[in-house]
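Think of it as A, B, C and D in the order they're written, each chain with its own count starting at 1.
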């Protein structure tokens, strides 16, 4: 591949991710509004929020690590996007593979955790402790799912996994071949978004939005950007693993938005679990489904 | 007589020991010893050809004692481990020079003993690594055990108790190995590797089983494999500062070295694979793999509950050993490479972590995670080192720990071992949880009043720490450097060799190129920084200017979350910590105690004549009948 | 030179009778007599070792050739132990001057004489006589320590030993009744025909249990802890280090020459294993140094019994190596423990006040648990490779028990060592570590130096021992030496 | 000073048309994205849930509730403010990031309302912090609240709603009133003066006698800067 082309891809992929991610945030808020019989925010609301937050006159920092944490949170996702193939663009997906992507997606959380730690607010620390606990909860079914898919495909290369599904048509889609894994993956994905009923680490009424408690201005803005990326990455990863990726941008985006719509629709119907209930739930049903699914794959 | 490089290395090492013994009380002893370690490292580098090829360097010395010939030599395996040993000794020793040494003396420590014990440890480890037959292996093994005991016990008090526990375990392990050696000797008629290699093929299953169990448990004790892991954490944690860095980095890997040599190279994974456990579906190799994953999980989750930074790290040291064994036992090209590479990687970050924690102890006087906090503003470089270290320990990109763990995961994936894979990932997740607690409780959060005036660690400590951090990052960026050594080790011990590149691994089923991954990651950070800094200026505020639900914070009230860090998690899994192994250990101890009580009672009873007569009668009756 | 050999027994015996008389007239002369005699004995035996041709020989006593007369049989093994007896007698010579000095020194001479006799005697009855002499002199010596506890211990020992003697005598009587001879060589000749039966076995077992009292054989060793703990250290060292080995030597000799029944070795093996278990476990809980050493000694002797039960030449080699090693170590340890009576807690911080004593203790302990390259390792290595080579599963149990015992041994020995090196006293416990007396410390250092010397020369010494073992193993050589090539006049 | 109309509006001096567009955009975004910290001081808070939920739906205007003052733009004071509460209100206000807006809802915030005789109630909120908008009524209906918010949005968009600058520029005045109420040793954890210096928001009224009084007893509030400390001397004891 020509280097210019590669550089173009590497720039475009995060950019597209960001734009699509903003639309996903909008969709999420609109769905919430529709469920609550409200009108919901205008079309560009996510952009307004991000611009406003970055244009705050006074920005409260708690130290250098606070700043670096936010940079890591954004930068980690920007890097992760280049490992996630989209129609027509593979970026450097072949040089990393799915395990690397999975671990790269932990970098933003790590950055956030560091930044929040430096904020010296116990609410934030509790939030991070809970977030890590939640990660322990949903990553276990998630890795089972990843294992199953990668083993079935015989590769950890996302490009190959997508290509295999597309070559076989609908019947070769992960969701059709491995329905149990697809269900387990969906639950794990829902939990990884940190939406109700799994939002134990945000818990506004309890620990004042946990990690975000000391975030103001561009710090919060950075997290809003990160949220766009997070929604995009999660849904696209799911689409790539189970729904055959996308041949064109249209069906790619359609699938991504639809996939995301499922957990989001569920989310606004429920209150919050307690931490141990979340763990119990995650370690029971999705793990069980996932293991049975893997057994079928083997 | 022309000295081979190995002779030079051993002589250098012996000289280091002598200098430490003779001049260890002197002012510049630490520096002298450090320079000599540097010399050892140079000699090792002179032997660098070993790391890239399948050659052997012999030592000029060999003995013939009681019909046994003893010889010493280096191959790629020995060289790889020796490199880690000497480098970690060099850096730990450097770390201890100057200010740490002075403060150690001030607190009543015996610096002479410390330097000597360190030098002795390195010397004995090199002897072990150089062993050319099973007997010299055992000799080296015992020497290493006792040298380790010396270093662990020297701090007195709790440390001595921990060291006593260690030596009991180590003796048990040593005796298992001793028994195994006797069995091998009988079976092969010799303790030379060549003889054993040929004899292994003729061994019966029972024989092989016994040998695997005896050697496996014997060496496993040193590695801290379950269920023999209890000694390790307290013993390493209580060792004085840089000593714990050294021990944590390499000491228990001697067990892995021996396992590689005896179980993998001599017995062969294939042979071990053929040992089925009756009435189950698993064989000896699966058994080892499962032991490895339990060694990953249980100590890692025990680490999460520790409230002392050193103990936390030491527990992780046990857990990380599990990854190495797991990789080696899976024994395909990637797994073997992952396991071996993890030895190197683990040594780098574990040493860095122990050093950073020691630096904190040096400045604040405590390693209690509930009594620290907010130190990042006072010890930023130590923070960076600890951060780099924990990223490595947790196995996240961009540090080196990620590469080795990636290889292990990949091998499990390729071989289709979902449960082992899952267990390995659970270990990693647990590690992430507990290392965040470590860095948060030490460096993040509110700075305590008593630490307002704390300074960064002195440069004598800082430089080795930074070097280690640099190594962690560079070998994460270019994993090909250590992978080259690992590949020749794989060749030597008869495992398939990985197809490595400078940036990672090439494979049909998904490659890894860390140069790209890290490049993109840092580019992402760069873009993030541009976005971040292009927005308005920020202003630093005091740590007490903080949201507290409208409450006015003051310095005399702690506004920090540190104790029972994962309260929600512990709510669920807290009850799963049964201390079963502790219970097991206690019950063995009580059993010994009980038997010894009975035996003493036997001797204390005064009716000796009764014993005599009854024995005589019994014996005569036996004869007659 | 050979004819002087008699003197190594006769002179101490004579000295023992004359010493009280001489002492009464001239104390100054009296105190030098004992060491002079023993020194001369050492010199004779040393010369024999150095200038002999390595071949065994036999000396008939009283002008009657064996098998009628009694004889001394001198092979390398006997010579080795005889030499060790004289040397240790010299080292542990009771110098202390008080009103009991003549008595004590005379008894010591008697003990050395009879022990030497035990090593050299080639006749069963003679062995018995010497054995009794050893017993009597030992009672006397222990009682001469004259503490109340020592008396009690002696009584117990006396009774046990008496019954043991009766049993031994019974065994000897059985043999004599069967074969009509008590000469070992002659018995060795007759044994395959006449003693290879139940009667022979019964006789052997009776002798085994009888002599086992001294050799600290498992159920008949209950006297050991009390006696060693209460008797003078120098005496304990001599008893634990040497006398037990001589008894062991007798058993080994009988086993090699006469009793080839598999049951015999089996009994020894089982009792040895039990001895190891009981001794080491009991030592694990011991609360004072001397008792710990005594129990450990029982355990070690158990290990040697296991080695005795091994059939071939390497087995004998293991016995020799283990015996000599234990002799060296236990003597040294008992000398160290001279002033270390009372609770083990008193030893806290001892290494700070007396680094040499601490260092020696660690050295001995390391060798005892078999840390390479100290000689203990090689002895144990010989033993376990030999054990592992046996097909009988009982030997495998022996191997496992031995390994287990070593772990326990390391645990209790290094608990003490750790205590010694403890610098920070825990609250309530003041450091009042006893100092080690100068003389006993010097003696212990001597053994330490010996240990290091052996470590350095382990290879030649190992080969020498191998030769000794080969010679001791050779029954035909024994028979030939004693019966075909008599030195005295032939009837 | 207390009147909103007296606050001088500073015209943007920049000549670059692009930057004018940019400023316009930023102001627009600010007006369309308002995060409310509703500090529920009194009965007025009961009117907010209907304003937020399906009946009136503030979110369609881009208005969202937020939990922590750090994240919020609007401080809603929904009712009477007792002196004890006022301390918290000021603390919270100072912790918010600028630009920030204060809206007083209910009559009580205007003049004490039915509590005007109370010894323990702050009567006029704008004596202690600049208030952008009052929504009078006891209590105002959600329509009124929304209407008020919309008015605020318009003011933000036009650049008139910059009362927050007044707090920096006339800090001495507000501090004086606060000191009168809370005593001379009154201090919040936020260092307004250095903040004003840092962001170049100093005005004539920033310093005065009250700030001098504050400096006399003020506990140090400098941020803990990162330092290596190698060149520091040991603290002499």
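Following the convention adopted for this analysis, contacts are C-beta pairs under 8 Å (C-beta built on N, C-alpha and C of every residue); 3 or more make two chains touch, one makes a residue touch a chain.
This is a predicted model, so every value here is computed, not measured.
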| item | value |
| --- | --- |
| Touch-network distance, subunit A to subunit C, counted in steps | 2 |
| Of A-D and B-C, whichever chain pair has more C-beta contact pairs | B-C |
| Farthest-lying chain, centroid of Cα atoms versus that of subunit D | C |
| Whole-Å gap separating subunit A and subunit D, where each centre is the average of the chain's CA atoms | 35 |
| Rounded Å distance, subunit C centre to subunit D centre (Cα mean) | 96 |
| Between subunit B and subunit C, centroid-to-centroid distance (C-alpha), Å | 45 |
| Distance from subunit D to subunit B - Cα centre to Cα centre, in angstrom | 56 |
| In subunit C, residues with contacts to at least two other chains | none |
| Multi-partner residues of subunit B (each touching 2 or more other chains) | 374, 376-377, 380, 447, 537, 539-541, 543, 545-547 |
| Sites on subunit D at which at least two other chains make contact | 68, 70, 95, 195, 199, 223-224, 226 |
| Chain contact graph, described as a line, ring, star, complete graph or other shape | other |
| In the complex, subunit D residues that touch subunit B | 68-70, 87-88, 91-92, 95, 188-191, 194-195, 198-199, 220-230, 232, 235 |
| Subunit C residues within the subunit B interface of the complex | 156, 159-160, 163-164, 167, 198, 201-202, 205-206, 209, 213, 219-220, 222-225, 263, 267, 277-279, 281-286, 295, 366, 369-373, 377-378, 380-382, 384-385, 387-389, 399-400, 403-404, 406-408, 410-411, 414-415, 418, 421-424, 426, 458-459, 462-463, 466 |
| Subunit D residues within the subunit A interface of the complex | 25-26, 28-30, 32-33, 53-54, 57, 59-60, 62, 66-68, 70-71, 73, 95-99, 195, 199, 223-224, 226 |
| Subunit A residues touching subunit B - in the complex, by the definition given at the top | 10, 14, 54-65, 67, 70-80, 82-83, 92, 94-100, 103-104, 106-107, 110, 113-114, 117-123, 125-126, 128-130, 132-133, 135-136, 139-140, 143-144, 147-148, 150-151, 154-157, 160, 200, 208, 213-214, 217-219, 221-222, 225, 274-276, 279-280, 291, 294, 298 |
| Residues of subunit B defined as touching subunit A within the complex | 374, 376-377, 380, 383, 387, 391, 395-397, 402, 406, 409-410, 413, 416, 418, 421-422, 425-426, 429-430, 432-433, 436-437, 439-440, 443-447, 503, 508-513, 516-517, 520-529, 531-532, 535-541, 543, 545-549, 559-562, 565-569, 571-573 |
